[in-house]
Amino acid sequence: MGSRTRALRVSAGVMAAVVLAVLVVPLAVPLDEQAVDLGAKLLPPGAAHPFGTDEVGRDLLLRCVYGLRVSLLVGVVAALVATVVGTAAGALAGAFGGWPDRLLMRLVDLFSAVPHLLLGIFVVALFRPGIWPVVASVAVTHWLSTARVVRAEVLSLRSRPYIDAAVSGGASRWRVTVRHLLPAVLPQAGLAAVLMVPHAIWHESALSFLGLGLPTHRASLGNMVNSARGSLLAGDWWPTLFPGLFIIVPTLALAGLAGAWRARLNPRHRSELTL
Amino acid sequence: MLELRGITAGYDPRDPVVRDVSLTIGDGEAVGLLGPSGCGKSTLARVAALLHRPDAGSVVIDGEPARGWRHRAPREQRTAFGVVFQQPRQSADPRLRLRDLIAEPLRATGRRAEADTRVGELAPVVGLSAELLARRPHEVSDGQLQRACVARALVARPRWLICDEMTAMLDASTTAALVGVVEAYRRESGAGLLAVGHDAVLLERWCDRTVRWEPLTRPFTVSRGLRPRTPGPQTPDGLNTVPVIRVTQ
Amino acid sequence: SAPGGGDKAGKGRDELVVGLANEPETLSPLLGYGKDGNSKIFDGLLRRDSAMKLEPALAAELPKVTDDGRTYTYKLRKGVTFSDGKPFSAGDVVFTYRTILDEKTNNAAKGELAAIDKVTAAGDDTVVFALKYPYAPFAERTVLPIVPEHAAKGQDVNTGSFNTAPIGTGPYVLTGWSKGEKLTFKANPAYWGGEPKVKKLTMAIIKDDDVRATRLRSGDLDGAILPPNLVKGFKGDKSKVTLTARTTDFRGVTLPTANKVTGDVAVRRALDLAVDRDAMVDKLLEGAGRAGYGPVPTDSEWFAKGTERPHDLDKAKKLLDDAGWKPGGDGIREKDGQRAAFTLWFPAGDKLREEHALAFASDAKKAGVDVKVQSGTWEVIEPRMKEDAVLAGGGNPADPDFDLYNLLHSSLALDGFNNMAAYSDPAVDKALEEGRRGGDKATRKAAYDAVQRGLADNPGYVFLTHVDHLYVMNGDRKGLTTQVEPHDHGLGAGPWWNVEDWQPAK
Amino acid sequence: MTTVLSVRELSVRFRMPGGRHVAAVGDVSFELAAGECLVLVGESGCGKSVLASALLGLLPGNAETSGEARLGDGLELLSADERTLARTVRGRRIGLVPQSPAAHLTPVRTVRAQLAETVRELTGARGAALAEAVEAAAARAAFPAGHLDRYPHQLSGGLAQRAATALALVGDAPLLLADEPTTGLDRELVDRTADELRRHADAGHALLMITHDLAAAERIADRVAVMYAGRVVEIADAAVFFGAAGPRHPYARGLLDALPERAFAPVPGMPPELGALPAGCAFAARCATPKEACEAVPALVDGVACHHPHRPLAEEASRA
Amino acid sequence: MNRKALPWGPMARMAGRRLLAAVPLLAVVTFGVFALAAASPFDPAKAYAGSAGLGARRDVLDQLRANLGADEPFVTRWWDWLGAALTGDLGESTALRQPVSHVIGERVGWSVLLCGVAFVVAVSVGTVLGVLAARRRGGWLDRAVTGLAYTLEAAPPFWLGLLAVWFFSVELGVLPAGGLTDTGADVATAGQVASHLVLPAAVLAATQLPWFVLYVRQGVGDALAEDPVRGARARGLRERTVLLGHALRSGLLPVLTLIGSRVPELITGALLVETVFSWPGIASATVEAATKVDFPLLAALTVLATAAVLVGNLLADLLYGLVDPRIGFDG
């Protein structure tokens, strides 16, 4: 399975580069990512600006890196929070059944009932604009799918004979959940987490678009892609392409890593992997 | 004493599998339960192990009636039973290595410290090498997995053993070896045993007493009778015989 | 025809499909629809020609002003009928104005008619407005559309069916309104000005600029309003023409009086000099606009010649140096421990303002003033306007009073979005009052010149640009014109402002 | 008699983490003729099920095979591609009763659905004929018709076993691999199943039955093969094997002796680790009389792979 | 073939329980929305005034606020709304200046059409692609499909919409770019609506696709390694039967779950897609209703959304029980 290993290495490499870029570049390069230079408007990629410049002459490479920083923060934190909360809620509901299940699931209904963007708008509107309200608004609205997916899996798992064996061995409900049920649903939850990252990135830009997210001039990948639409129609491709790649490439790398992780979680796939 | 009193159990309250069955196992006694396939032996075994709530009747463990089932049963009552399930593949968590599978009851009951030594003791006895202990269920044969399940049943030193067709997928030598293991454990701990099986020769050799589950003549009037829900295909309909609780030895 | 086929929209000479960015909330003039005239379905007493001069519409002639400018008398046009066939009369005019001014009517723009004391009909064909005080630009307000009393009365003015199914005297009759999608009109055969030659008019509502541009390109539309960067994309397209409408639509930065930095006249004047307006016009507007030095555009007859302040960074720096604002370690100036820094807000989602804000901040930095750009919704911005700068926009071409009074008069400081900078200058206040009181044009011009000079000396706002409105149209219609447009442009703005007068090409 | 399956030096190794290998099957060779029933016995973990899986190409991804296994018509199974196996071999030319039948049924579909689907695919039956064929197939394996609409988890062990047997018999394949087809069945059902399988063989099909149930084996076997640590150590006629003479390999003798009706004592010692097989005879460590010769791997000569096979008393005497 | 009858009884009981739970839930949700809207900094009077309000003075706005009843505490407003709604009067939308019932009646159909078509497409295409990808994990098709799925998930709907318009309407000229009917047309004929539906529905479906694709892939992929599939293969079933009848059936559970829990995402997507394509549906009114603090419309929309979500989740829960008999119908 050489190609799998190769894919994994590439993913890991890209992720390492991304983390490095996000942490180091803003410290190492003392340039202002917001520096406007009307004279250098919409320059195509070249020596001075490897990724070109945008509509007010800001350097796209620098903005991409800064944007990656903000977007990854928003995406990863929101995805993590949503996944952890969703998995916990789903697993508890599924494993315990009865009234905890009903209560939790009605809570899920409650949160799903208010359209996401609407809930997001309110959450963000209640606070000053900034990163954390955005993260909160994305997290608050996105644990629901995970919770339901996890619960369904748990419901199906909990009648397996090996759960009987655990019960007979004296395992508490909690232990059954943590030791036997959760590991089995982790692949599903992990998939949701990875999908949530790019989703959160654009969700953030949608909020910004409505004036409720990050200030639109602050570099975030979603904002950049979004505001580059006009240039794209005018034939200037670079303001779209580079931020777009900056969203997609780390997402794919993350997906690659998560895929390998899920394969390791699955005992059968695992024994077929030779790492 | 483990007493099953007037157990009626099944999966549909209108049509129970087991009807009004009573069975008593004395301290340290080994009871074999024989019966046609599909008659409800496993169901009864699950009731006895407090894993399945009967529709009626009670389970009394050492004079104390079971207060709940599954998680609702107090942990001491639950862990008084070591259960070997009929199908090892289904009763092993596919994610656990055999070592963890065996140690799980100890870990689950907060006896972590004992786990390693106990697994170390049991593994050679049931015939599992260190190499096998490091594998996961799908990487071992059914027989090897069943050995791990036997070890799991013994690991927490239960007072009662319930073995549902423990040896069905084992060869004669392994059967003899595992029965030896169980018997050695019983000698040492004085545990009682309910062994469910089809192999009359084996059960009679192994157990103090064998109970045979046979078709009823008068379906609903015998209170201490054992009756199969479905007349096995081997029993021509209508040709029912008297219930027998035959005691050997 | 094939869906999306390029021929579809322009298929008939007598049809027009245009794309607009905004949808009216209501079609009832009673609630504010068409208050600045040219509403297509309705007519006002007066209307504006291509040069923005008032001319009679439902009135038979321009109003007679008497009583020191406090009484306006309108003679009405005869023989006008509403599109339901009922005749138009003075009662309708009185009904319209009285209803708007009624407390219970949810018309947010009713403040514009605040000068009115009484409206009365003198017979069927004369309406008399009595004002509370002399108000020179009053006639400009009477372009407001007139509603038929018989149709609009008897229902809840705020929610009644008239709001979505209006009846008017205008050149077009509404045939359908699919909210969020389009409004459709057909020519009014009984229009008093003669039945329009363009028989069918469709206004597609397309909020997103990029989508509008794309649909225009796909042939779905005959014309649309577009931002400058998207217009650029049509430069090479021979089948399309670009029309540039001059406007009074300004963009500027408020300099709040209460802020220690922006309240300082030296800082204000320095910033006013430090901004490179020509670069903004060139780069942000792609040349479609003019440098702005006040709400009155430089090419307006009301503009005070000589108040232009060309870009002069050195002078700006010197001003600051002289006033004691000394550069600190990071290049940002300081005075008495006060850093020359402030926050500039722009409403999120408004790209043009965002770019102006960024350019302004960049220019200010060169002079040693640190401007932190922030965005938010108006709800977020409003409570901060007292301390923080805002990238403001506005402009009404009808009369200088409309903009200048609201922006600069101290009585309106921080009242709604009027005088956002809390600008307060007694001399300017006086001149503003003079200007609105009336008199002949020369007197008024002198007053407004004084206002503009006052503003140049103490710039409470840094005005940046006047933004042209750009329209891209199918090139097969010749001789299109545009009016001078205000900041807010409704259905009637754009090259199709006089669509009812278009003649079929031979 | 026509050869249905001929296996030559078949080996299966599993790659394990850390570069180790598990030699689950080693150099197994045997032939199986039409109408013949070969019973494969051996201690748990000796490679019986893996052998069956190898023949069907159902080994997990970390398995490596060598040797060859040819069907009567010449198709080599080990090198056949997945398509061929799926389209023409499995179910059609080789049927399988898997061990752990409950685990091999799809949990979310009823027995009837799965049986019907198999019948439809293998025989093309439709409509009423299909319903009939389903009931007939169930009856053949003594699966009660009343339980057809149950889901796998609602079946008792024995019922699942019968369902699996029914499914395997549908295709009437020339070769049937039955891996423990009698677990969970009571005596009468064991006999019934054994008889059914025997009938199947008598109808001209070859049968490879893996079992622990020596009584059942005795009932239907033509020949018996004994596996130990992945190798076939003895292959003998059933009559001889179960007869007075008994098997010749010490392991096979130990196995028979372990039966509850006999000594009921296990073969002493533990089976060797397949990951680290000893150089010589794998059984030497447990053998009562190991000799120096046992340091070499014994070849399967004359049906037995032992350096000192047991000889019937008469023969022993004649040699003396 | 005598198929087993569906377990109508337990299903009906479950539906009944949910129906009962829906009543307090609706009350809580609408109350919550009223509370949130009241707590948000949006000012109903200014919102109502719109751009005209920017120049409006304080006294005018105060008067407007009083006229709109916006100066009352939200609890009172909610209570009044509830009382009126129970008698069938949903109130007046201040954002659209129409009776709410009218707004909904006019628009909800188009939204349902759009969302319904998009959802069906997303589920079916997602399932097909997911199965194909799972068939050979790590193969080129798998990589392509997975990459596409993640890319789609990263692409905001308004962006996809624009690209779609550009490509299909401008470059190819095969599909109309927006609106419900041809821009110049007066009546909505089925044919026109159908052709105008293609792009928005496709874009909306594309935004919903990734979850279905990847969950099907995950579920089917895992199931393919399990014993039941091995059993099915051993029986000689065709690859397609194995994939669809066994692997997919076992891995279908998460997909069903998504049917319920993706409804909110669908609504969010519809909201953006409707705006981009000038589709006169109800979703695009949501943001407006929120930022304009249009209580009656907001409440009505929330009730609709809640109903959609509840129905979706109930449907999913009912399907679980049918698809996986081990789950049953409690909850």
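The letters A, B, C, D and E name the chains in turn, as written, and every chain counts its residues from 1.
Everything that follows uses one rule, which is that a residue touches a chain if its C-beta (ideal position, glycine included) is under 8 Å from a C-beta of that chain, and two chains touch if they have at least 3 such contacts.
If you're wondering where the values come from, they're calculated on a predicted model, not measured in any experiment.
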A correct list of chains touching both chain B and chain C reads A
With chain centres defined as mean CA positions, report which chain is farthest from chain D.
C
Contact counts by the stated rule: is the higher one at C-E or A-B?
C-E
With chain centres defined as C-alpha means, what is the inter-centre distance between chain A and chain E in Å?
21
Mind checking the centre-to-centre distance between chain C and chain D? Centres are C-alpha means, answer in whole Å.
90
Could you tell me the distance, in whole angstrom, between the mean C-alpha positions of chain D and chain E?
54
Per the C-alpha centroid definition, the whole-Å distance linking chain A and chain C comes out as 43
What positions in chain C touch 2 or more of the other chains?
210, 214, 377, 379-380
Residues of chain D engaged with two or more neighbouring chains
60, 100, 103, 153-154
Multi-chain contact residues (two or more partners), chain B
87, 89-90, 138-139
Sites on chain B touched by chain D in the complex
11, 34-38, 40-42, 86-90, 124, 127, 129, 131-132, 138-144, 146-147, 164-165, 168-177, 179-180, 198-202, 205-206, 230, 232-234
Can you list the chain D residues touching chain E in their complex?
56, 58, 86-87, 89-92, 95-96, 98, 100-101, 103-110, 112, 114, 116-118, 121-122, 130-131, 134, 149, 151, 153-154, 164, 167-168, 170-171
Quick check on the complex: what are the chain C residues that touch chain E?
2-6, 8-9, 11, 15, 17, 25-26, 31-32, 35, 103-112, 158-159, 163-164, 175-176, 178-182, 184, 200, 202, 204-208, 210-211, 214-215, 217-221, 377-380, 394, 406, 412, 415-418, 488
Which chain C residues qualify as touching chain A in the complex?
209-210, 213-214, 227, 229-230, 232-233, 276, 279-280, 282-284, 347-349, 351, 354-355, 357-359, 361-362, 373-377, 379-380
With touch defined as at the start, can you tell me which chain A residues reach chain B in the complex?
160-162, 164-173, 175-176, 179-180, 183-184, 265, 267-268, 271
